[in-house]
């Protein structure tokens, strides 16, 4: 197939706009044919620079136009369930920005709908799996040369948070990536979550207790600790240290020029997630497009979305209670094995 | 005073022998005048290379000889209480290898005896405070430029353990240093300890569950996690990462030549504690000697020993129960304020 | 313009094949429409996987087909002059893999031909300018915060060389990139070159004296030393250290996971130029395509190719004589100012 | 021998005062018994804090007192020849701060005087050999696992220079250490020296051309380049990179806490030679004392001093001429083989 896959981007906010630009200028084999946003002005503005793309107010209108081969869903999470079910009805390949849906129950309904189609159609936007360092760490762990994985120490630090970023969002928007990474690196489900709240930074806005420490364990007993610190001021950092039976592996170091000046030696801290994970986003979307053209899914699937939603739900409960909260999942359907 | 301080080393095992060699060849202002060991042969062998030193079977004999100005106690911890009380009776400056005593109750009896003397006589062998990196980290934290300290992530990894190293010794012999470091870096007491046991390394001997994760908190709410991993194979590593309100600080990196060969870039891992902390031991003993000549204590004192003994006691209970164990201390006597 | 630029790739050897794959799967706004190779089988094999591309034996045939909007020249350097003049006659945008031509005189003829067109059409394949680290170093230097640039220390190390790699090729194929980098970083022409031959590695094939040290200076007196070491065994390394009036900057460090195992701490050395500069090649070709669609050149131009050819010529003479050889250039035409 | 070696320190300026303090408080087996300085006030002030030490105006007076077992010579270099000959007459162990003497001819006279004694008495103050990193690099090179050494890239950077630091002093006071290091690491004599003067820093005082590049080669053809940059502003740095047949080794990196704050990651640059080489000075003096008590020399000897003086002489000529200057040495006497 030499024709470009025609993609409808649903949601033209920050993340949607990034993906429109990405598909337009860096992704091979696809083009943006439709932008859907309930805010008609925002949709029109998004298509202005994209030759051949049309603006729509609803996915249904876009699908009716007959110009949509695939859907990229970039609306807020609470709108995902309906949009996913609607796109599944069209039997279209879907890239759904995380979360799949905000809770395990609604995620399970999506799982059920996808099962009826008899093939996987949904890829979930956990882009860290496409980061070169996480991919290498995954290979080191699964390669087995260093023995079994025993512990993971994860750090997730942002310089600050946008207005309105709540305490629950520390779990649902930030730690959610660590849930996925832990599942990816261990190849196991997470069985419990606990949250420790200690001394809080005075730089955190009211209503946020920041930083927090999230303690996880997996089915085989791998222990994980996550520092989530979203008002860390100094810059952006996502780093993981893995303790294996005969070695320790670190990923996530900053790189670039090293300068010695004015008594200091070092380099720039990565300022934000775009600089840290921009390449991973490109690879994620390219992988999705390449797989979609073969009728497949090219990354984490709806089961990954469901399991992670269950982690988030438990995480928020753990945050409120201070207790260890068990995570229980439905049996994994055949489609995802 | 130009004469060298005459030191009795009590206990001529590995650590005692190291200190004898250290005082003989690297410490200024002191000389070994007496070596005390219940094993007469071991004591004789230890003094063979030290001109002017005599071997004794008991501290009492050494004190009776009139050749002892100061005592370095390097016997196993369960023998410390009696030896400390005996040396305090002589009103001698004492360096007591950690632990002060194996439990809080006996440590408190030592505290009471020292109080009767009216001045501090006991220094406890927490040598990490004399490590250049820990000292710098302490200054960065107390300097305040990076705001308040919020979390500490500690790693304590050994390549392996000697025969007979029990599960309790992970706390009493290894994590004990982290207890001291946390108290040193935060300037606070530790208020609770919890221990998580997850997947264990197949390289651990029977009876040891290794690695373990030890979770602490301090009076003001600083959260600490410690990975204690004593059969880590790859080498020796003691490292700490501090999260402050506006910056992150790491200490404990290996250094030395960096080589690129056969597809790998890097250097040697520090093989053991002697290489990592040899300089700190030298500085510790020199600081003790210099202070002793002024009639003072040059490092962590008996209160530090008592508080740390209480942490160890709680840590061992937490290891057995899996529960969070609170640590309560007696009121701090005037002498140690 | 929404149509893809139709690119003829001339030369389907290793580099040509890489570029065909690159344009096919990673470059937006272009497609390979023609592959030209005198070896008809090689051309046919190259187009087999590229829908819509045709194989040709000569550029003339490709141009006659009316399917060529731009030319990527990837034949050996000694064939470049004729191919460039032929493509300039077609007034096509050209990306010419380095060198422009093998000597300054023939390069100058190309310059003269391009001047007649009245606009720049040729971009030369010095892809290092598109490497993120070199780009940042360039900005640091030109930014001026660290004062004037005084010295550059360049390292160019390969694990080994292909069969038939001659002593002159150390200059013409390897150091040529350093000539370009020095001109790029200093914004100046190189005025002299000297080559020191010392102790040679026993891993160098007969006829190669390896490593060599190449000493350059620029118009304002910046001193440059280059270690060129093409049988360095350990891996691939291209690194530069810049000494400025108030700071030192290093680029070219390896990165990726850092592992501690078996007494060693470190990571993998970059194995080859594809891993080191793969991203730079992508960016280079994308920049060329984007500029070509605007009728412009998106990188180093024919003047850069000419000046570098003069450096290579002088470098090879310096290699033979051991003496410092001056480099003199024709006056820079208006078109390139 | 249990008595301390009684050391006369000749010259009580900055370096002499450092050594007095060092011997007093950190060196085992020695004590300062005499301080000699033509400035009587300076000598008196130096001994004020050293119990048992006497001040003298001339070495002769100190020797006559019968309290001198060894001599540490810390006067300016032009005074060394007479002082060395006088101390050799006393048959005393001598540590002579570099240089042995300012030129090869006078150094040779010292060599002749020492030969008459029939044993080595003079150790020269090239303390870098006692630096842990240089020692390890030496072992890596001589170990042979990485093949033959081919090139050395040396960096010697100071933040600034004291008043009156001349252009010749760049060679005689700074590069002199590199001459010694190169001889130490290669185990060979240096056969030629060339100096390149390029763009100069505006931070250099009048009369200094800074930085300079010094090019050396050894008997077997190892090529060395040295950047000497004594007004480098940013801090102090002494680093060496060795290119061997199958590997590259770097020493001299800064270490200590690594901080991420305000968008930057890194640590402190070593501020000066005391911080960089303080430990090496201690080890040097201890090695000298230990050897002196056995009647031996514990480090670089008079031949090393002579050969280095010849390098300096040639270096200063090369600095003036811009030409490559050959270095020729007298035949090495039996005593130094």
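We call the chains A, B, C and D, going by the order they appear; numbering starts again at 1 in every chain.
The working rule: a residue touches a chain if its C-beta (ideal position, glycine included) is under 8 Å from a C-beta of that chain, and two chains touch if they have at least 3 such contacts.
In UniProt terms the chains read A, B, C, D = Inositol 2-dehydrogenase.
Only a predicted model underlies this, so the values are computations on that prediction, with no experimental measurement involved.
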Query: What chains, if any, are shared contacts of chain A (Inositol 2-dehydrogenase) and chain B (Inositol 2-dehydrogenase)?
result: C, D
Field: Pair sharing more residue contacts (C-beta pairs) when B-D is set against C-D
entry: C-D
Message: Centre to centre, using CA atoms, which chain is the farthest one from chain C (Inositol 2-dehydrogenase)?
response: B
- prompt: In whole angstrom, what separates the CA-based centres of chain B (Inositol 2-dehydrogenase) and chain C (Inositol 2-dehydrogenase)?
  reply: 58
Separation of chain B (Inositol 2-dehydrogenase) from chain D (Inositol 2-dehydrogenase), taking each centre as the mean of its C-alpha atoms, in whole Å: 38
Statement: CA centroids of chain C (Inositol 2-dehydrogenase) and chain D (Inositol 2-dehydrogenase): separation to the nearest Å works out as 45
Sequence positions of chain C (Inositol 2-dehydrogenase) contacting 2 or more other chains: 233-234, 237, 246-248, 258, 260-262
Message: List the residues on chain A (Inositol 2-dehydrogenase) that touch chain C (Inositol 2-dehydrogenase) in their complex, please.
response: 2, 24-28, 51-52, 132-133, 136-137, 140, 146, 246-251, 253, 255-262
Task: Spell out the part of chain C (Inositol 2-dehydrogenase) that touches chain D (Inositol 2-dehydrogenase) in their complex, as residue ranges.
output: 147-151, 153, 157, 196, 198-203, 211, 213, 215, 217, 220-223, 225, 227, 229, 232-234, 237, 243, 245-248
- line: Listed in rising order, chain D (Inositol 2-dehydrogenase) residues that touch chain A (Inositol 2-dehydrogenase) in their complex are 233-235, 237, 254, 258, 260-269, 271
